[in-house]
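Chains here go by letter, A, B, C and D, matching the order in which they are written, and residues are numbered from 1 within each.
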């Protein structure tokens, strides 16, 4: 099958997430990167594009128009810029009819998010958001188990995303923009809290109706939150907790999800991402592996560990299928709704924290 | 050395915690059980005492007076009744000059707690509270590490105590009184939440100044909380979370404590109670075992697992030493202050929950 | 119920395993230690007995006769001396009609073992051997699962017992006699290899028919083996491996057992002794806990860790039941047959090692 | 940088390892697959090549000549056929001056291996063997630790590779050729035993001088071994064990390596491939992660799990660097010596098993 022609905005040499997206895009052979506006610095953009052997643009607006006009122009674009730079290119490419694969969180501000939503509504192109953890096989299996009622009614949802890399004063390029309110929009809340939020929503099929948050800047002088504790209430009566921290010393990427229902419980940890613990109320815990997974979201037999790059690639492969007209798995690929939900989460959490933990409804 | 003569109130045949206390008391040979008012049902009291070969009393008041009057009367008494029946015998024995070893939580009501406090203040006898988890070797080592500054300034404290045994409607004697507000005082909050509270306080050496709580009765119609989520704030600026649940299906006794400081983090889980994870900010995580423990709170070489009964026995052995005049380790044996702190925790949590999660100061 | 009167040979102050036996004997209240020949050094024997408040003997022969003659004499005796000192007291007490609870391995030499076997055959008293690991609840459950065919036909048996404490030149009292051929009989092979051998035999219900061994003294100049690798062949066609080492740096007591059958596999590790992994051929692995155990070999609810002392106490409690006339669980208490099997294992392993790994039949 | 032009022999549609190699080759962008003789069935070869959009050959000899003659011919070829079909194409491409990346084990017979060795000796092209586990970051770090003396003198080496997928009678294409002596050469011994052998050799820097083996065909009628237990002796005096099984029910890919030295021990398991346990003799165990790794063999920050595909890609990236003239990391890429060592291992193990476990020297 002919690879889909892909463009990229951001991801110049030295970037972290751009490189991840490029590997993910090519892993299963469904995409070929052919063009990019890889940096806001024209020199760096051109050098980076040269290294990759792709068409280079100084400016994503020009790129959107030029590519849309080409016979062999890109069919999709990956946006891997800092949060505040998601909306402008997303809108430009959506308007040009080019599918958008955007890194998370959706944007730095609700206003930016609304602009993407408007553009998406008016476009025949699709919008995808790379909340990659929800594409891990055992996470997808967790969702299937919940959906088929294996847990009974859900009572408790507990999600965590813990990192320790920002335990000290901010240093380095990656840290810098992530702790800048203007560029990031929020700290731990946006960068990793939205991952936990989406993960919990994805698996449970429910979104909390109200939240109460306590946000901290544990490192003195840091202008964004680096520790976010959020209590969750669901319309169903379920309760939960979400904890995102970037000052949790020793934690590399401590993502976990625990769900307790009336019939059974599920536990999953990124540190042991290929196993899913399912504990029926009256029986022994079961360790599910890809041998039990039904999502077929992998390339190798069970026991051959797949991980971070592969779950990103799962998203890209699903996106490729959708672009090619197969919507079978569209429901499992995060998109605009997830992005807007994440923005609603950030906004409600900030509002609650400002009001000393008052319970705030989450919209949309 | 002559064993200390011990009495017991509660713990008749079929009781759970009474049997535990008896094993703990005799494990290291420091106590000999000689008398008891083992049940409020006189027949059962006598039969139970007969099985144990000890003096039987129908009534703890009579027992306190009679034993105090005997040359060979008991020197200490274990109180292992339901929560609402702690205060009366505790007061009676303290007034009789007999040391009290009381099961947790302190009492069912603040009023009862105050009566114990008054009696203790007026007595030359000591009062001990069996928050047993804090007597595990690796928990004691955790406390030593915090105390010597290995973690730097503490930023985050996360304590959990999860059980699943009350996930359905209440059945059985043990469940019955624990879900009866009059006898228990509180549900998960009191029965296991106070354990988590004491554990966190014991290890960190700090008690939260304010808390915000969300209490649930997940099982319809249950008159007490069976899931308690509590957010913690410390005077130092540290934040934390405490989660106690008795509807966490599949959890047997999921006790855990995670502490993150500016220099290092600690993680301990009851499920793996003989190991303590210490992760310095810049180095690899270390798995400490009893080979590294400095509390000498064990009987066997590292690698020979000790557990629940042994940590109870650690408390009894420390109590024996104190009774015999050696106060060296008095600081590590929970007592009245821990009990009152636990009662303050329960009261503040209930008040916060009644006020939709408002932050409430914890006293005393 | 009246406690059984117990004596002890060996176990003077400072001894390791004697103290363990004393705790185990009193844990469930079925025994009362009343007499002892606690040391071959008369002064130490008397002092130790005085500390314990029991009758003291300078000599176990005198003790056997005197206790047998007393109305209130001991009914059972624990022998907790070094290996070469098991046979003489065992024979003396068996002849005196007093039940013997002997620490493992059976003896230091086959000749000594034969003397015990003869005495046991002529005595109405019972002989028990404290291979304690086989008394852990999940090990007993493992045996029940194998017995009921849950694993199908057994193909592979893999047992390990790894320690690191003798990685350097021998130091200290405990190490000294264990590395002295005259007192210990064998090194790792006898001290811990026999544990692994008994554990595998206990759970599988099979004893290897032939073994091939490679014995090493990794520490230069050590006169006994400190690393023993043994290949196993069973009459059934099953194969296996047993590895015992005392130079496995970092291992505290790395006991493990893995069994693979045609239908399912079992895995158990002392480090996580309260869990048993059962993996059916086509299903997910199951984590069995005491909630699934059917041996009732515990005192506390699942999730409250029990361990080394408790499994020893399980043996003592079963022995008490047998002495009192209840043979229900006799089959699960190790005895003479286990001891002789262990001696056969040691002898065959030495012979194989002397013949460069030739396959040697195991007798008896 | 321009991608290296790559060819492939074997790996037609439906193949397992061919697909893995293709992903690995493209993951880091260093290779572009342009030609293939993907199947011995010409139709399937052509169809498969068509799906991949590459030049198709019916025959690898023709491919070697044609590609060598093209200006834009392949520079390297991946050989991903069954074992007995490694030698012929390897010789053909080596003679054509095209670098060979060959799947393991080297060949099905020693004669085939010798032919590759001869061809490699006469060629300016390089020969690489994809023992992929040795390219995992924590395995490379393990090797570095041993090399720098962190373990002291090595005493014990224990390697395992356990699978359960062949526990029943052979079914399916992958199983079929792997249990056919003519095509596979050996069973568990060759397919996974050589992985364990190479892994142990890679990390320790030592190869056993003598081995003693017990080979079984646990499934009745199976013409190759499905369980191989091998005892190891090193010239240094170190001992070890290697166990490979394909009937270990429930094991997906249970690869593990444990090394005990005079100063410290190392433990690594594929199931938890991103962590390496280092236990100094007197200190606590340390959990090393990629944060401590010095091989830089990864693409994502520590805590973002990488796995099987990535370690394959590590090899491809190192191969690319070598082909481009950078030999810096040549020492860590398995090649002919590893392949010949594996063949020596297989031959010696078979010979030992035929002689009832006699110790056989391993050559070369």
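Operating definition for what follows: a residue touches a chain if its C-beta (ideal position, glycine included) is under 8 Å from a C-beta of that chain, and two chains touch if they have at least 3 such contacts.
All of these numbers come straight from a predicted model, not from anything done at the bench.
When every chain is reduced to the mean of its CA atoms, the largest separation from chain D belongs to B. Remark: among chain pairs B-D and A-B, A-B carries the greater number of C-beta contacts.
A straight line joining the Cα centres of chain A and chain B is 43 Å long.
Taking each chain's centre as the average of its CA atoms, chain B and chain D sit 55 Å apart.
Residue positions 251, 285, 289, 291 of chain A each touch two or more of the other chains. Residue ranges of chain A in contact with chain B, taken from their complex: 155-156, 158, 164, 167-168, 212, 214, 216, 218, 227, 229, 231, 233, 237, 239, 241, 243, 245, 247-251, 260-265, 279-281, 285, 356-359.
Interface of chain A with chain D (complex): residues 1-2, 16, 19-20, 22-23, 26-29, 51-53, 163, 165, 251-254, 270-273, 289, 291, 299-310.
Residues of chain D that touch chain B in their complex: 278, 283-289, 291-292.
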